[in-house]
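Here come two complexes built around chain A, the first alongside chain B, the second alongside chain C.
Moving on, here comes the complex of A and B:
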């Protein structure tokens, strides 16, 4: 049982919504589509659901052509980024809606709806109208509605993005529990997100999409450790990976006139020439023997500090795992954890990674 | 600020209100207690005689009232069904959408009396094009002089004239509906027909009730159509309350009695429309 998309392309005007998207989804697995806003995540999900046309390509599900099946006959459930429910119905009737469309009658209907309500933690809210609920509760209703019909394909389009931070964390954990208990082997689960952290936490397969094109797919750890090019490294890291243009000459790496260092062990095979070097914000540290940088902005986020630094034309973002106060234009010294240095070629494709490349 | 100043500022509004709303009603009530007619004009006082006559000795008024109820309910229901269908058609993206939207509104923009004259010509039993057509099949229905058919003709003209109004209100309603529930319904496995029954129709309920009530109020004043088309005939077959009151008041000049008729009619209309509105709300909104 699998879902296969073959060369899906959709280009309504001058811009590609989808550009030759070919993917395979296996039942019993969780896929996270990771991409920036307007990268084609929603388009892909809508196409699978049948809500958006395509110019060319095909979708097959369980060996049958999916494209010719009407939306309402496809066995698909979807949760949207906006909290979409039926405003004229109460919570119970909202969740019962998909079952009623399948002509499921009361004793069974009530059982299924009640268990879905319990699962998303909305006991006691059955008689409430949708507008009497908070945003998080509305999204729970939408989730329950998608769970109750046990669809073979469950699409979640950035379901947490419109919720506040704390609620997002809670609901994400609940999602994971619900998915692991309910969707063990029978369903394909596709989740889209802009947040790399969320994708890593969900820990399924990651599909990186940008400008409608699939850049990389694979298990979360692989995509994180070996981003196939600079674009992927931007999308899969928050803050984005620092990229420097530099050269290698006689076993030394030059980022600019002041910053140079010996080529680290994992890059011994590299030849002289010019490259893009990448290093994560968390792989740099304060070091009294390091390089001079000026603080542009220092922002404290939770228990971490983001430092936006520059030296001449070189801008970097450094992540400190502690809370520290800096003033603008402070002069600080930082150093690079060279064991975590990535090298990309001039086109932007990954050449060397600190992790084992397959 | 002292009280007299406030009163001065309120006065213009109050005077206008008294002049155009309260005075006519009070005067009608006073008039209905008199025997003012063309022989003895003037405001004498005869107590409730007019009302006693109305409730005990005027079958024609009550007949015209029930006829009116039948006509207005039928025409408004037909207008609602046809208007909703047309609105649904041009709600979706179809070719010539703008053209159709305007086309459907044309009847409402015409003058009712003039259009009714044209309809009367259409339905003329020996000269009209409608019977030219029917005579091909060897029948010439008496559109205006058969008791049942005359009612049908009135209904056709009323529906033609006022469906656009219903269409306009319902289309505005459809266009203001949120898009999201329809997305959800498709995904939840609702076919287009079920989508209409379970999503479109319930979401449209408040607008539907408004449109139906507005049209019921308007339809219960049917007058010009009947006046031009059949003059209430044949006999009294198409006579409505307002037309009957018009005959009593402005043909026979029984001013006192027609005032009693008008006032009774007003009270009945207020009560029945309130009940209808409540019933519609209960039926369409609370019972999903």
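Moving on, here comes the complex of A and C:
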């Protein structure tokens, strides 16, 4: 019961859609493919479904070559980010469609469809046409249609991205419940997302993909704590981790002429030289004894405040866990929580993380 | 303010309706006239202004031997040719349009859009350009003056219309719907029949309507490609005209020839006004 992709490569023109993607998926687990837009998430899912050709590489499922099996014979289900349903059918017939294709007859058919409808909370909507539903409801229909098949591989391509904020939260929780109750041991669940927070909340394995290449994979906590390189740190943090080019000389870290501090304990082993330093937006704070920065943009988001700051050529984004008003070009003083400082080497690979070192 | 708008709207609609319907009413009243009533000045109302006669209608079904012009055979010829050519054009055209919409074709510099344009370009040329090639081709194949030859020619004329309308329509049906159908267990043909076609019905209806109209009203090719064996309705109607124009039977035959289109228009209108079909896709 496992899905293995081996060196999948697809390069239709000048850019790689997939670049030597080798992964292993175990049944009963949830995988989140995390990557920016156009990073290859959808390509990977479509390749697994069999909807997209590959130049080289292979897919094996349960020991058999998946590549030679046609899409309609693979036992997969997929939910798209656009709300894709069959507009000419009502809700019930939409969900019944895959079962009818499998020649499942009425008593069983009705039972299965009804239970799927109940699971996604669409009771009473059976006779509605698709265009009479809201976006969230349409996506529920799509989800029910993919659940009803009990497919061994369930692919969810950014299923919540086109929904509004509140609905996304609700539906994500429902998704988690549905998955944990229905897909405990039998199926592989692959979810793609651009949102690091969503990936963390789903709390499965995270696969970070960029320009068609797998950058890192592992359990969510690991990927979050030890991003293997700068690109991963950007993709897995929102806002992206602040990266500074700096140097270490005689036990001091220099970010520019004004900003310098002692090397923190977890970095004692480091040698002098030039490095990339990374720090999360939430690991900086207002401090009257700190460094001077100018406010470029201050935006309040929910109960948090994002500050885009700069000093000379140095730009940082700071996340305050409170609502505070700032004016543009205000001068404020901030400091860094040095215990949370990451160090990357000049190629961008992780050297020191605040989490694994001691 | 609202009532002024209402009044103006209905005034405009009434005016336009009269403008459109008047010629038909005129033809209708003329079809019941005889020689004297037509030449005796403008009259409109039967019994009051002229004595109605069925002569104009009777001529149409009387055999030529008895001095009539039998339009029944041309009538069925026209229906047969139009329906067959439309059906084949729609079937082939829809498949071609689906392929052009979903797959990428490339032959040197020729791509999908160029192929689509090639189809449409068949209709851009004035038909007279094609008359001599068609005449020669059908002559070579021995299909001049035959229903089969006419059907072939009409397919050439009608299929571009079907392709043109359907390519545009299929492009509006998201590709992901086909893909979902494949994932849900349809092979490509089932996906096309069960999912793509049902979601393209408004486009299909428009295509059918255009094919039928353009097939039915064609005079030019029916005229040059047939002689005596086979005649289509438009040619037969024009042939009614002789030294003394028989306005009464011309009017009657004109009305008869319009009738099928009116019926088709009514059926199609019912389908198109079903909101759930035209607004099925966002």
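Basically, the second predicted complex is superposed on the first by the 356 of 358 C-alpha atoms of A that agree within 3 Å, B and C clash if a C-alpha of one lies under 4 Å from a C-alpha of the other, contacts with A are read in each partner's own complex, and residues count from 1 in each chain.
The criterion applied here is as follows: a contact is a pair of C-beta atoms (placed from the backbone, for glycine too) under 8 Å apart; a residue touches a chain by one contact, two chains touch by 3 or more.
Keep in mind it's a predicted model, so treat the numbers as computed, not measured.
Visitor: Please determine, from the superposition on chain A, whether chain B and chain C clash or fit.
Guide: In the arrangement built by aligning on chain A, the partners chain C and chain B clash.
Visitor: Considering only touches as defined above, state whether A:87 meets chain B (first), chain C (second), both or neither.
Guide: Once the two structures are laid over each other on A, A:87 reaches both partners.
Visitor: Which holds for A:49: it touches chain B only (first), chain C only (second), both, or neither?
Guide: Touch status of A:49: both partners.
Visitor: Is A:71 touching the first partner chain B, the second partner chain C, both, or neither of them?
Guide: both
Visitor: Pick one for A:129: touches chain B only (first), chain C only (second), both, or neither.
Guide: Touch partner of A:129: chain C, not chain B.
Visitor: Taking the superposition as given, does A:105 touch the first partner, chain B, the second, chain C, both, or neither?
Guide: So A:105 meets neither chain B nor chain C here.
Visitor: Starting from the residues of chain A touching chain B, keep only those that also touch chain C in the other complex, and list them.
Guide: The overlap between the chain B and chain C interfaces on chain A comprises residues 49-51, 70-73, 76-78, 80, 82, 84-88, 97-98, 101-102, 145, 149.
Visitor: What part of chain B is in contact with chain A in the complex they form?
Guide: Per the stated touch rule, the residues are 178, 180-181, 183-191, 194-195, 198-199, 202-203, 205, 288.
Visitor: Using the touch rule from the top, collect the residues of chain A that touch chain C in their complex.
Guide: Residues in contact with chain C: 46, 49-51, 70-74, 76-78, 80, 82, 84-88, 97-98, 101-102, 129, 131, 145, 149.
Visitor: Touching residues of chain A toward chain B in the complex: what are they?
Guide: 49-51, 70-73, 76-78, 80, 82, 84-89, 93, 97-98, 100-102, 142, 145, 149
Visitor: How about chain C: which of its residues touch chain A in the complex?
Guide: Checking each residue of chain C against chain A gives 174, 176-177, 179-187, 190, 195, 198-199, 201, 276, 279-282.
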